[in-house]
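Taking it in order: structure first as C-alpha cells, then the write-up.
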Amino acid sequence: MNKRVITFGEIMLRLSTPGFARFTQAESFKALYAGSEANVAASLSHFGIDTAHVTRFPENDLGKTATQTLQRYGVDTRYIIYGDERMGIYFLENGSMQRPSRIVYDRFNSAFSHIKPGMIDWSEVLKDASWFHWTGITPAISQGAADVCKEAIQAAKKLNLTISGDINYRRNLWQYGKTARDIMPSLIESTNVIIAGIADMENCVGISGDTFEAACKAFKQAYPNTTKISTTLRDSVSSSHNRLTGLLWNGKELLQSQQYEMTHIVDRVGGGDAFMAGLIYGVLTSKTDTDTLEFATAASVLKHSIEGDVNTVTVDEVEQLVKGENVGKLLR
Amino acid sequence: MNKRVITFGEIMLRLSTPGFARFTQAESFKALYAGSEANVAASLSHFGIDTAHVTRFPENDLGKTATQTLQRYGVDTRYIIYGDERMGIYFLENGSMQRPSRIVYDRFNSAFSHIKPGMIDWSEVLKDASWFHWTGITPAISQGAADVCKEAIQAAKKLNLTISGDINYRRNLWQYGKTARDIMPSLIESTNVIIAGIADMENCVGISGDTFEAACKAFKQAYPNTTKISTTLRDSVSSSHNRLTGLLWNGKELLQSQQYEMTHIVDRVGGGDAFMAGLIYGVLTSKTDTDTLEFATAASVLKHSIEGDVNTVTVDEVEQLVKGENVGKLLR
Amino acid sequence: MNKRVITFGEIMLRLSTPGFARFTQAESFKALYAGSEANVAASLSHFGIDTAHVTRFPENDLGKTATQTLQRYGVDTRYIIYGDERMGIYFLENGSMQRPSRIVYDRFNSAFSHIKPGMIDWSEVLKDASWFHWTGITPAISQGAADVCKEAIQAAKKLNLTISGDINYRRNLWQYGKTARDIMPSLIESTNVIIAGIADMENCVGISGDTFEAACKAFKQAYPNTTKISTTLRDSVSSSHNRLTGLLWNGKELLQSQQYEMTHIVDRVGGGDAFMAGLIYGVLTSKTDTDTLEFATAASVLKHSIEGDVNTVTVDEVEQLVKGENVGKLLR
Amino acid sequence: MNKRVITFGEIMLRLSTPGFARFTQAESFKALYAGSEANVAASLSHFGIDTAHVTRFPENDLGKTATQTLQRYGVDTRYIIYGDERMGIYFLENGSMQRPSRIVYDRFNSAFSHIKPGMIDWSEVLKDASWFHWTGITPAISQGAADVCKEAIQAAKKLNLTISGDINYRRNLWQYGKTARDIMPSLIESTNVIIAGIADMENCVGISGDTFEAACKAFKQAYPNTTKISTTLRDSVSSSHNRLTGLLWNGKELLQSQQYEMTHIVDRVGGGDAFMAGLIYGVLTSKTDTDTLEFATAASVLKHSIEGDVNTVTVDEVEQLVKGENVGKLLR
Amino acid sequence: MNKRVITFGEIMLRLSTPGFARFTQAESFKALYAGSEANVAASLSHFGIDTAHVTRFPENDLGKTATQTLQRYGVDTRYIIYGDERMGIYFLENGSMQRPSRIVYDRFNSAFSHIKPGMIDWSEVLKDASWFHWTGITPAISQGAADVCKEAIQAAKKLNLTISGDINYRRNLWQYGKTARDIMPSLIESTNVIIAGIADMENCVGISGDTFEAACKAFKQAYPNTTKISTTLRDSVSSSHNRLTGLLWNGKELLQSQQYEMTHIVDRVGGGDAFMAGLIYGVLTSKTDTDTLEFATAASVLKHSIEGDVNTVTVDEVEQLVKGENVGKLLR
Amino acid sequence: MNKRVITFGEIMLRLSTPGFARFTQAESFKALYAGSEANVAASLSHFGIDTAHVTRFPENDLGKTATQTLQRYGVDTRYIIYGDERMGIYFLENGSMQRPSRIVYDRFNSAFSHIKPGMIDWSEVLKDASWFHWTGITPAISQGAADVCKEAIQAAKKLNLTISGDINYRRNLWQYGKTARDIMPSLIESTNVIIAGIADMENCVGISGDTFEAACKAFKQAYPNTTKISTTLRDSVSSSHNRLTGLLWNGKELLQSQQYEMTHIVDRVGGGDAFMAGLIYGVLTSKTDTDTLEFATAASVLKHSIEGDVNTVTVDEVEQLVKGENVGKLLR
C-alpha cells in the first residue's frame, strides 16, 4: 500500500485508576501516552498504512517515552519536536454499572500548547503523504496550536492531500480568548472528510438542523469542499454496556451501519478515533461508502474490547466482525 | 450541615480473594477493614455529615490500621477503645456467573465481643449528636455487646436522638446462649427508623405478615416508636447481575422505588449499609419519604459499582442517578 | 467411593495474557499447566473420585511443576514418565465483547509426542481402576502417541474397564502423515462413552447425519460398544456471553438439558472437560441419564466462572446449580 | 501529651515507577500524596503528637484524596483550603546500584502556588499550638507562598510558638523573580530550630564557613533567635547503600550522632523530613540535645526502610534503634 | 530411597505484607499455609524422601487449601483429620534494613488446638516409617496437643523409629496452665536428635551451661536417649543481612560448620526448619556428622533465598553450595 | 552522528519468574523479547546511533510483538523476515543470595534456525552502514544460520564495514552436526573487534594461552584482521553481588578498567551485550582505547541496574559513572 497519512495533535499522559477503583482508592495509576490524532495514526498503522505523527513534547523522559510508544506502533516520529514546559496529563476514573467514568484534565501549559508557526516544516513533513488529519481539540488549546493547525491545513491543501477533521467540540478547552466559531470555520473550509455530530456543527460553525442529514446538507452548502460527514450514535445503558451505530452522509444519502450491542466494555476511550481511522482506511482503499461505514463502525466496536486508547486490530479482524464471523469464539 | 451521627458496632478485617479466584486458588487476599455500622458512618461522611464510630479493637497493628481506615473517611475515631484479644476476620470468595459468593467467618473471641457495659461513656459520645445507629449483628455477638448496645440506645433515647436499627438477622451468630427473640425486642422498642424484611421481623420479634406492608403494620402496633420501616428487594439473576428495588413504609403507605438493573456488579458487600446511609441522609435532611427512598436505593445501586464495603459516592452522584443523569457516561 | 479413573494425555504450559490484554500488550503471562484429559482427572478428584493421570514430561523444572500441579488436586502422579525434549506450550489471548479469544500453539516436538509403546506398564497402571479416559487430541499428536493410546485402550478393555473418549477433532494437529480417519476407528471401537459432535463424527469416522440423533444412530451401528454419545451446544453471543445446552443420546432417546445463559464468563477453556468429568461422574455413580446430563451441563457452566482449565467445584455445588439453588447469592 | 505542631507547605502527587523500572519502562506509577512539611506532621502524629497541616489544594478528586491521606495519619485537615488550578506532581524513577534516582518535577501553577495572604486565618490555626514548622521550599514557589509563609511565622512569633525551618535550598525553584537571598532572611529571623547544611546557609543568607560549626556560629550571630542548627551527612555508596550521620549545633557545641550503615534502602525520599520530625519531637519532649540528635538520626534511618515519604514508626521503634535493640530481628 | 518420615504439628495461614510494606500500609496480604513440622516434611520431600504430615484442620476451604498445599509438595496427607473451629493465622510484616520483621499471632482456639488423644491412629500412621519429628511448639498450644504429641512419641518409640524434636521455646505460647518444664521432659526423654539452643534447654528442662557444649553434655546425662544436639548461630546485621553458622554436638565433639554471609535475604521464616530437614536427611542417609552439619547449614542458607516457609531446593543444590560451586552464577 | 550499525541474530521470548520466585512457584512469567545482538542494537540506539537488526520471526503475534519491541527502541526493523515455525523461548529463574539463577532453553526449531542463504539481501541491508555485528550464538544454532552469518560477514567485508564478533561459546548449542572449530574460524577471519575470553578462544579456534594477553597475541597472529580483543572479568560473590572489570587488548597493550562493586543487582542478563555496545560506541566515536574500555565497562555496570536485557542508559549516564559523578544520588 503506497498511502501515507500524517496526523497532528497533542499527546498526553493518561493516568487511569486500576480496575474499577475510584480516584480516592487509587494506590497506583496505569500509564500510557495517547492523543486523539495519534490514536488515528496508530490504528492506521495496524491496518498496514504508512503514518507519521507531528507533535511537540517536553524534552524529558516523559516526552521520550511518548515517542517510543508511537514508534512501537510503527508510527514515524521523525517530525516530532521537543521543548520546555510539561507533558499534558489526564486522569481517568473508570466507571462501572450506572456510575459514569470521569476525567480530570491537567493539560494547560503543555509543551504542545506552546507550539508556534514556523516550528514545523510542513512541506517536508507532507511531501510523500496522501492524507492529513486534524481534530477540533488542537485549535482549542492555544492560539499557537490553532495557527500551526491552519498552517498545516494550508500546506496540505497546496499539496492536494485529502484532509480529514474530527470536529470535536470541547467546551472546557477554548480558554485562550477565542471561541470555536472564531477559529474553526477557516480550518473546516479546506477539510474534506468530517466527523461531526449536530452539536459539534452548532458549536463550531453555527449550523443547526432538525436532523443529522439536514445539518449535513447545510454544512455542505457552507463548506463545499466537504465530501463526507460522519458520526456515531452511542446509547449508554451503563458504563459497561453501550450500543453503537455509525452514520455517514456522502452528499447524496445518509447511510446507517448495523447497530452493535457492546456489553462488557473494556475501555471506551479512543472509540471515536478508531472510527475515524476506519473511515480514513475505507476512503483511502476505495471501499464503497457503505463498506467504509461498516468497517469504521466495526473498528470502533473492537476498540472497546481493548485496554488503552489505541485500536490494535488488523483489517482482517475488522472485516470478520463486519461479516459477523468468529464473534466471541475461541480461535485455535 | 449541623447534624452528627453516631454509629456503634464491630469492624472486621475483610480478606477477599483477588478477581474471581476461589479460596483454593488465592495466593493473596485483598485486605480492608469494615463493618455494617461503620460502613454507614463512612458513607454519611462522604455525604458531608459529621460522624463518629464507636467500637473496640485489639491493641495491635490491625486495630491501628482499622482506626486509620475510618480516619481516612473523616469518621471521628476518638471514642474507639482498645484491648486484648483479636480482630474478627471474614474471608470472601467472589462469585461469578451462576457461582455464588461465599463468606467464611472467623470472628469469635474478637476484641469487640469482649466489650462490657461501662467501657464507653455514652453521654460524652452522644453529646452533640442528632442520630444513633445500631444493627442486629451487635447483640448477636455476645452478651456484653448486647448489653452495651442497650446502654447506648437508652442513652440516645434520653438525649432525644433519632435512633435507627438495621434488624439484620444472622442465624450463624447468636451463639452465646440467648436468641434474637430474647434480646431484640427491648432494643427495637426505642428505635425509630427500622430496616427489616419479613424474615427479620419473624426471627427477631415473632411478627409475621402475608405482605411486607401487613408485617409493618403489626410491627408498628407492637413497637409504636417506629416511624419508618424500609427494606430492599434483591433479585439475583447471577453473581454479576442483580435487580434492586427499595421499599419504605412510613406508617401510612408503602412506597416503592424505581427498579435498577445492576449488571457488571463490582462488589455487592455493603449494599445494604449504603441503603441505610441513604435513608438516614434523607430523613436527616428532611427529604420527602419518596425522595428519601429513591435516594437510598440509588445510593445502594452505586455502592455495587465500588470495590470494598464503603460507599464513597457524594450526594451529587446519588442525585444524578435518581434523575437518570450521566448514567454510564464518560464525564470530561 | 471405590471408583478409580485413569486418564491419559498431554499436559501443556498455558501462558495467557493478563486481563483482556492482547498478545502485543502482554508484559507478562499467567502460567498454568493443563491438558484436556488431566482436566477431567482433576475435576473428578474434586468430586471425590480417586484418579491417576498418565503422561510424559520433560525432565526439567517445567515438568516438575506440572506434576506438582496435578498432585495439588489429589491426582495420582506415580505413573508419569520423564524424558528429553520440551514441554508443549499454548499462548492464550483472552477475547472480550465481540473480539474472539485466540490460541497460538507451540506444541510440536514435546516430550509427550515422543512417547512410545512399552514406556508405560498399562497393566500396572490400570490394575485397580474402573474407568479409562482418552481424547482425540492424543492420536493426533504423533504416531507414538496414537500407538500408546491404542495400547492403553486394549489393556483397559482386557481389564473390563469402562472406556470414554472425547472425539475432539483438531484440524491443525494430525501432521505426522496419518489422518483421523486412518487412526480413530480402531480407538473408538472399544470405547463406550463418547463425546462427539456431528462434525467430529464426520471427520473422524466418516459418519454423517442430518441431526445429532441420526448421526448417533449410525455411529452406534458402526461401533456397537458405544453406550452413550453426548455433546454440548454452545451459542456465542460474545466472548463474555455464551449459552450452553447439553445433549445425551443413550441408545434409545435424545435427552436435552436445560439451557444456561452464561454472561460474565471468566474462563471458557476447559468447559468441555468439565462436561466430560460430569458425565463420567454421573455414570460412575449410577445417576439416571437425565440426571447425568443435567449434572454434566451444570458442571460445565460452573467451570466458566473459574479461572484456569480445571473445574474446582464440588458435587454439592453442581447439584445446587442443577436445582437452581443459591444462584448468584452471597452465602454467609 | 499536650503539644500541638502546625506545619505549612505544599503537598504534591508523587508518581513513582514500580520496583526499579526506569521512566521509559513504566506501565504504571505508584501514587501517593506527600510534601516535606506534611511529612513532618505525619511522622509527629505517629509519635503521638497532635498535629495539623495547612495547605491549598485544587477542588477536585486529587485534592480530596490528598486530604484523606493526611486524615488517615491523624493529621488535622480542618484548615486546608481549596481552589482552582492543579495539583503539583513529581515523577520519581527509583535508582538502583550505581544508577541514581531521578525526579521530574511538574509543579508549576499549582493550587498552592496561588495561595495569597489573608486566605488562612493564622490566629485561628495557631491558637492551641506550641510549634510552627516551615521549609525553604515554600517561599521558593511563588510570591504568594512566600508572603503567606511570612504571615504565618509572624503570627506564630506573636503567639510565642517555637518555630522551626528546614532551610532546604532548591536551585530549580525560585523562578518568580526573587532569589532566596531576597526572601529567606526575613523568614529565618524569627525561626528558632534550623535544619541547614553549609550550602543552604551560603545560598539563602550568604553565610559561609570552613566547617559546619563555623558556619553555625556565624549564622547564630546574624540570626540570634536561632537556638539549634542541625543537618545530616549522607554518604552515597550506591542507590541502595548510604551512610548517615546527624549533626546538631546547640549554640555551645557540635554534637555528632552514631553513623548508620544503610544497605538495602527501600525509599530514601522523606529521610530529611523524618529527621526534622525527630528533632522536633526531641525538643518538644525535652530530651537532651544528645538524645534528640540520636533520636532524629535513628528516625531518619528507619524512614529509609519504609516505602513512601512518611515515617510511620513509633517512638518505641526509634528508641530501640538508638539502643541497638531488635536490629534486623524477627519479633514474634 | 526407602525411608519415610512422619511429622506432626499445626499448620497456620501465613498472611504477609507485600514487599516491605508495614501492616498499616498493606492493601493485601500474600497468603500461604505453613507450620514448622510440615516445613520439615515438605523440604524432605524435595530431597526425595517419602513423607507424611499429621495435623487437624477446620472443615472449610482454608483447611482444604492447606491440604492441597502439602499435596503439591508430595507430602502424604491421608492422615490429616478435620473438625470444627478455625485455622490459626499469623500476620507477618517484613523488616528491612535495621527495621525488624514482626509477627502478630492469631492462633488461639484453632482446630489443631482442639486435637485430643485417640483422634489419630498412630500405629497405622507410623507403620512403614523410619522417623518421627515433633517440635516444642505443639505441646505449648494446648493440653490436647501435648497429649497427642506424647501419644505419638510413645508409639514411635515402640516401633523403634528415630525421633527428632526441635525444642523451640516460645514464651508467648504455654497459656493453658502448664509450663514447658511441666511437659517437655517426658517428651524429650524418648527423643534422639535434638535441636535446641542454650536458652531452649534452660527454659524447657532447666539445664544450663556456660557454653553450648557444656549444656549439651548435661543434657545428654539427663536424657541419655539423645544422640545429637544441634543449633544454629545467627548474627543479625540487618533484616536483609544475617550470618549463619551451624553447630552439632554428637556426644563426643562439637562440630561447627562454615559461616555463611547472607545478604539480600528474601525470606528468613522457615530457616530453622530447613536446617532440621537437612539434619534429618544427613542422618537418614548416613552422612558423616560433619557432612550432615554442612548439609543442614547450607540447606538453611538456601531457604533464606526463597519466598515462603518451605525450602524447595534439591539435594544437588545443597551439595553444590556446600562445595562452593555455582554460587551466584547464571546457569544456562 | 552519521554512523549506522547493523546487527544480526536470533531474538527469543524471555519468560522470567516474578521477583525471586523459583520455577515451581511461578504463577506467571514476565515476558520480553531479546537476543544478544539485538540488545547491542537497542543499546546503541539509546546512545544515539542509527541501527537496524536483521532476524527471522514466526509469522504470528509473538513475532509481531518482538518486532514492535525493537521499533520502540528506535531500531530499524525493515529487514526482518517472517516465516513458519516458532519463536525460541528461554525461561529464567532469578537467583538470590548464594542460590544461582537458572535458564531453561526451549529454542530448537525456531523460525530463525530455519533461515537460509539468499533470504536476506545483504547488499541492501548493509548499504549505508559503517559497522556489522554478529555473535558466536548464531552459527551454533543451525547450518542455515551459520551460512547466513558467513554471507553477511562477506558482504560486510566487501563494503568495508568494521565487523565485530562476540565469540560467545555455548556448549549446549552446536547440535546440528558441526562443532565450533569447524565453523568459527572462517567467520572470525574477517572480524575486527572481538569479545572473547580465554575459554572462548580455546573452544572456538583452538588457541590457548596462560594469560588473556598471551592468548590475544596468538589470536592476532592467527587472525590478523583482529584489531581489538576485549572481555570482562566477573567475580560472583552472590546472585546479588558481583564485581566487574573490563579488559581490552589493542594489539599493543592490555588495558584494564576500574573495578566496580555491583551490589543489589537488578538483572544481570544482557550485561555482556551492554559491554559490547559500549565498545562499539567507543570505537565508532573515536574514543581512546582507555576511554572506550571505561565507557564499555561502566555501560555494562549500569545494565545490571535495569530490568530486562536492554541497556536503556544514555551516553551521559555512562560518562557520569565513568567519572564517578551522581553515583547513587537522588537527582532532582
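The first chain written gets the first letter, and so on, giving A, B, C, D, E and F; residue counts start at 1 in each chain.
The working rule: contacts are C-beta pairs under 8 Å (C-beta built on N, C-alpha and C of every residue); 3 or more make two chains touch, one makes a residue touch a chain.
A quick map from chain label to UniProt name: A, B, C, D, E, F = 2-dehydro-3-deoxygluconokinase.
Quick caveat: nothing in here was measured; it's all calculated off a predicted structure.
A.B. asks: Would you mind naming the chains that touch subunit C and likewise touch subunit E?
C.D. replies: The shared contacts of subunit C and subunit E, listed by label, come to B, F.
A.B. asks: Which chains contact both subunit A and subunit F?
C.D. replies: Where subunit A and subunit F share a partner, that partner set is C, D.
A.B. asks: Can you give the shortest number of steps from subunit D to subunit F, where adjacent chains in the path must touch?
C.D. replies: Between subunit D and subunit F, the shortest chain-hopping route counts 1.
A.B. asks: Rounded to the nearest 5 degrees, how far is subunit A rotated relative to subunit B when their C-alpha atoms are superposed?
C.D. replies: Roughly 120 degrees of rotation.
A.B. asks: Which of A-F, D-F or A-B has the same interface as C-E, meaning more than half of the contact pairs match by residue number?
C.D. replies: A-F
A.B. asks: Which one of the chains is farthest from subunit A, going by Cα centres?
C.D. replies: Result for the farthest chain: E.
A.B. asks: Going by the average position of its CA atoms, which chain sits the greatest distance from subunit B?
C.D. replies: Max centre-to-centre separation from subunit B belongs to F.
A.B. asks: Can you check how far apart subunit C and subunit D are, centre to centre, with Cα atoms defining each centre and the answer in Å?
C.D. replies: The answer is 62 Å.
A.B. asks: In whole angstrom, what separates the CA-based centres of subunit B and subunit E?
C.D. replies: Result: the chain centres lie 45 Å from each other.
A.B. asks: Taking each residue of subunit E in turn, which ones touch at least two of the other chains?
C.D. replies: Subunit E, residues with two or more chain partners: 22, 24, 27, 68, 102, 263-264.
A.B. asks: Looking at which chains touch, is this a line, ring, star, complete or other?
C.D. replies: Contact map by chain: other.
A.B. asks: On the basis of the stated criterion, which chains touch which? Give every pair.
C.D. replies: Listed in label order, the chain pairs in contact are A-B, A-C, A-D, A-F, B-C, B-D, B-E, C-E, C-F, D-E, D-F, E-F.
A.B. asks: Over in the complex, which subunit C residues touch subunit A? Could you list them?
C.D. replies: Touching subunit A: residues 19-22, 24-25, 95-103, 105, 170, 172, 236-242, 263-264, 268-269 of subunit C.
A.B. asks: In their shared complex, at which residues does subunit E touch subunit C?
C.D. replies: Touch residues, subunit E against subunit C: 68-69, 71-74.
A.B. asks: Which part of subunit D faces subunit E closely enough to touch in the complex?
C.D. replies: 260, 262-266, 301-302, 304-308, 312-313, 317, 321, 326-332
A.B. asks: Touching residues of subunit B toward subunit E in the complex: what are they?
C.D. replies: Subunit B residues touching subunit E: 15, 18, 22-24, 26-32, 60-62, 64-65, 68, 86-87, 89, 91, 93, 102, 104, 106, 108-109.
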